[in-house]
Each structure stands twice: as C-alpha cells, then as structure tokens.
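First the structure, which I've put down as structure tokens, then a few questions once you've had a look.
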C-alpha cells in the first residue's frame, strides 16, 4: 500500500497543477472581446508559458515515476517531504501566469525571478526526496540496479544549479531567462529520452 | 508499474479538463442577475459546447483506454509523448469557451478555427502516440490480437483529416464547422460502440 | 484493466466536481470586504447548497461504487454511457451556485427548477447505466448475489421520480423544493447506510 | 475493491483541495499590475496561508493513509462518514483565503475564527471516522498491531482540542491564533515523523 497511495496523491497534484495552467491562458481573453483574432495573437507569451510549464511539470512527473520505480518502502518522513515537494509543484501556475503577463511589461524581470526561484526550490526539494530515499539504499528495492540509481542521481543533481543560474540571468534580462527556462525543459526532455529505457508494465 | 501510473496521470488530466468545462458555462451567468431565466436560455451555445467538448474528451479517454489495453511496456519517449498529448487535451477548455461566447459575435470564425486547430493537433498527437507504440509492435503485448491493432489504427487515422476539414470549413462558416465538430463526436461515439467489444474487468 | 480505469476517471470527475463546489462559496465574499462577519452570515444558503450538493455527489459516488462491485466486464457502450452520466455529475456545481445565489432573489424558482432538472437527468442516466449493465446479467459477475442486484435496482428506480416531483414543486415554491432536495439526500444517506453491508477490502 | 476506490476518491479530494489553494494566492495579484515587486511582497500572508494549509491537508492525507493501512473492510456508513469528512477538507481553501486577505484588516479575528472552526470540525470528523472503524476492531485487519492502533488513537484525539483552543484565542488575537495554527501543523509534522515507521510498498 505504501507507494501506491503516495503516487495517487502525487499524480493528482501533478495533473491538477498542469491542467490549471489553462485557466491563466483563458483569463487573458476577456469575455465578449470584439478583437478575438488580435487577442489570440497578442497573448502568445501565455501559450509559450503554458507549454513550458506543462512540459516542465510533465518531466518532473516522469522523473518522479522513475524514482518511485526504485522504491521498496516509504516512511512518514518521506511522505512529508513529498508533501513539501508537491507544495512547490502546485505553486508553479502562479509564477507562470505572472511571467506570461509581465514579459512585455515593467515587471518582466521580477516575474522571471519569481518563476526561477520557484523552479529552483522545486528542484532542490526533488533532490532532497531522492537523497533521503537513496542514501544508504534506505528506501530502495533490494533488486535495484546500482547503475540506474547513480544515473538518477547524476541527472537530478544539476537541476537546482541550472535553474539558479537562469534565475540570476533573470535579474539582468527576463527574455534571456525565459529562453533558458525553455532550454532547461528541452534539455530534460532530451536527457530523459536518452537516459530512459523500457519499463515493464504492471 | 509502467502503464498504471501513466494511466493515473492521464485520467487525472482527462477528468480535470472535462470537469473544468463547467467553469466556462458558470461564468456566463453573472452573480446577482435579475434575468436568470433569460440568461439561462441565452447561453445555450455554452451548453452545446460543454456537451460536445465533454463527450469529445470522453471519447478520447475511451480510445486512450483501448490503446493502453494493448500495451505491455512503456518507455521514456512514450511518457513524454503522452505529456505533449495531454498538453493538447488540457488546452481544449479554452477554445471551447471562446467558441461558445463568440458563435453569435464577430469572432465566430476565429473561435471555430481555434477550436478546430486544437482538436486537429490533439488528433495528430494521438496518432503519434499510437504509431510509436505499435510500429513493429514496439510496446505492444505479446498476446495482442493483430485484428484489434489494425482496427485501432484504422479508427484513429481519419481523425486529423476530419478535424482539419472542419477547420477549413470554419474559415467560411463557423456554424457549419460547429455542426461538423458535433458530427465528428457523434461519429466517434457510434464508431466506438460498434467497434467495441467487452474487455475483461481486472 | 476494464473497470479499474473507468473507476479512476469517474472518481476523478466525482472528486473534482465536489471540490469545485467551494469556488462558488468563495466567490460570494468579495476580496477586501469590510463586513466579513456580516458577509459570512449572509451567505448561509451557499453553505447549505455546498453541503447538499457535496453529499449528493458523495452518495452518487457511493452508489457508483456499489454498482461497480457487481461488474465483471465493461464494454464500449457502457464506457460511453458513463461519460454521459459524468457529464451530468460535472454539471451540478453550476445550478448549485445559481440556487445559492438566487434563493432570496427573483430567480429562485428558475434556479430551483434548473437544479432539479440537472439531478433528475443525472438520476435517469444512473438508471440507464445500471439497467444496461444488469439487463440479463450482461456485465455482471458470475458470482453475484441476485438479492443485492435486486436491492440496487430497487434503490435506484425511485430517484428520477423523487427529483422530478421536487422539480415540479420548484415551479411553485423554490424554498419547498430546496427542503425536498435536502430531504432526498438525507433519504439516500439513511437508505444507503441501512441497505449497506461490509465489503471486503482489496 | 473496498478501500482502494475510497482511497482514489479521497486522494482526489485531498489533491484538488491542496492544489486549488494556489488560486487564492494568484487572485491577490491583479492582471497588468505595474507594481509587481511590491505586490509580491505585500501578499506574504497568502504565501504563509498557502504553506500552512497545504501542509495541513498533507498531514491529514498522511494520517488518512496510516488509518487505511489498518483497515480490512469498509461499509456504507464508513463511506458516508468519509464523504462528510472530505466535505470539511474541501472547505479549507475558503477560510484560508479569508485569513490571508483579512489578517491586516478589520475582519482578521472573524477570519481566524472561521479558519479555526473549519479545522476543529475537520479534526472531529477524523476522530469520528477512526473511532467508527476501530471501535471493537469493527473494520480493522485481523493482523493489526494493537500498539499501532492505540498510537493512532493517541495521536488523533488531541486534534479537536488543540484547534478549538486556537479558535478561542482567535476571538482575542488573530495573529496569535495564526501562530498557533502554524504550530499545530509543525507539531503534527514532527509527531508524524517520530511516530512513523516504514511501511512496506505494495
């Protein structure tokens, strides 16, 4: 029962956080607008932000899935760390909306920093979870493949650093930071596909 | 563990995207209206849009379910393709609201095209997922029924073309396009019921 | 795989529809109000509507759960009927908000009728699902208890009639109809507890 | 089938209620603000409220998980009690928003009392569920560890009293009550980690 119920809760938060992103796109076009075509073009940053954040949450979900494949047991401390991690994931829609709205306004840099801080903290929490679970094999399956375990550690560790670097860039240039956020997502998509291998279906 | 967790995440996105559709209906009646009866009649396009999009998402879910019944394993690339596919599904509430609001306004054609493009891309992504999984039997069960596999391919392939055709019609007549969107949904409901057969419960 | 995935999707819709009900309560108190205490007392119909609709959705969920305990297999037609049924369930938050807002206004009767029609159609769809599944034992388990099957039929059949009667009352008196909606929910809670028996946990 | 489906529904409500909390933070920053940095600092009570309520819902979820680990069967009355309990959980986002908005305004005390009453009732309902399940071992597993059962009872019983005490404090000082709400959450996080032990993964 251990991991299965944590997965249900986590997948729920992932799915809702990702799906709520559309509300921020939706609110950008006012009801009864008489310039719909113009509005739909004008809000292109909202589409980009929607896509980047959706895929980012999706990649986090895929990695969470990989991590859980290695687990044998969960304990209370691990459950509570996951709650804190999910608290970060559920926060993502807020800076996503700010960034989409402000990228061509005065608050672009502030919004980009907020977005970056959120993802940096999320990446840190992901590493905390994984290090807690894997330190000394604490929660891992007995039949784990150590190469996979080291591979997971190797692929997660750079996350906080990359997001922190992009956040520092955001202090100077919001646009450059946005490009970096998108690039990190693409990096993880590619890295994930290369690193990935087939898992047996249950 | 493979497919079960992807199903949980996907079913979460399907369920939330479908259930969020009611928010757009809800926002059409302002709080404290003094013409409730009139308002409820006036917003009939919202009911139609709600019903068509809910059933469309439902049919996509049923087909996703059929597809997964044929899978033995999933890999990282497949997970990420599913994230992109779900990104499209979660987008559906936005053009649904636009179409319901604008069908009797200046932006009817634009809204109908937006709706059509969204469903065309969603249908393309569905085919991408299925072709990736089924090409050479890559992710399929060893005990699959080839007739079922071919039947799935046959029923998915026309989707993008049908939605693209309706989208082209939307450039000329939004109303005709809406009728086509409804007709495609009805077609898939009927096709699905005829093609369908009983699956053993787990 | 059959029933388990339908349950995940259905439970998602039930959970979201129920949880979204709080948004309508929330929107009744404007941000930055200077009469919070007064506002919280003024909106008591929203609490009542929240409670009645939440428990109603909960009772529907419990009954859906009972129904699925009797199933062996599901087919495509059954999946699609469930989509239509869930379309009704996901609609419930809309008339719930209307009724809470309008009960002391001009549109009370209209809102109460809208609420009643929604629940009548939902009850009809529930019976359609059950009759399709149980007719001739089509989708039922081989080891079913016929007494339980008859008990389910007996407890579902009066639903549409009770809600239709309350809807007719709503044409005359919204307040009386609200009392009836609450009474039907209480009836089903009591009936459910009496009829119920322990199910073995999986 | 018994407990698994109740868990899916409950986890859905937990996940949605927690994830919806971000909407109240989001609504505090108006679209197109020209003082984003200032706004983001000004709304710090919303972050605190978000964190406390998210972790509170998370702790409730962890405890619900612990409780269900002890169950063998569920009956109808237990399902319906869970519906009432989840009705309380889904209500939490509303007083959370009120408290965050009003803490520096006239309605601080009223909002803090509303928050406290909600959590007191939620804690009472949690005890009702557990006492119903555990009284005479009614729904418990045959192979349960009586020490764990007594430990659960011991850790749940003080909840209503602690929240009630904080609610009484809220009548006098909203700020002190907020500190207490945060302290209770921290207490349960710590208590949970200490009490916790590893569960075998399913």
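The letters A, B, C and D name the chains in turn, as written, and every chain counts its residues from 1.
Please note the rule applied: a contact is a pair of C-beta atoms (placed from the backbone, for glycine too) under 8 Å apart; a residue touches a chain by one contact, two chains touch by 3 or more.
None of the values given here were measured: they were computed from a predicted structure.
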item	value
For subunit C placed onto subunit D, the superposition rotation in degrees, Cα atoms, nearest 5	90
Chain of greatest Cα-centre distance to subunit D	B
Mean-CA-position distance for subunit B and subunit A (Å)	25
Approximate Å spacing (C-alpha centroids) for the pair subunit A, subunit C	35
Interface hub residues of subunit B, defined as touching at least two other chains	8, 12, 16, 20, 23
Complex interface listing, subunit D residues touching subunit C	1-6, 8-9, 12-13, 16-17, 20, 23-24, 27-28, 71-77, 79-80, 83-84, 86-87, 90-91, 93-94, 97-98, 101-102, 105-107, 110-111, 114, 139
Touch list for subunit D against partner subunit A, complex	7-8, 11-12, 14-16, 18-23, 25-26, 29, 31-37, 40, 50-51, 54-55, 58-59, 61-62, 65, 68-69, 189, 192-193, 195-202
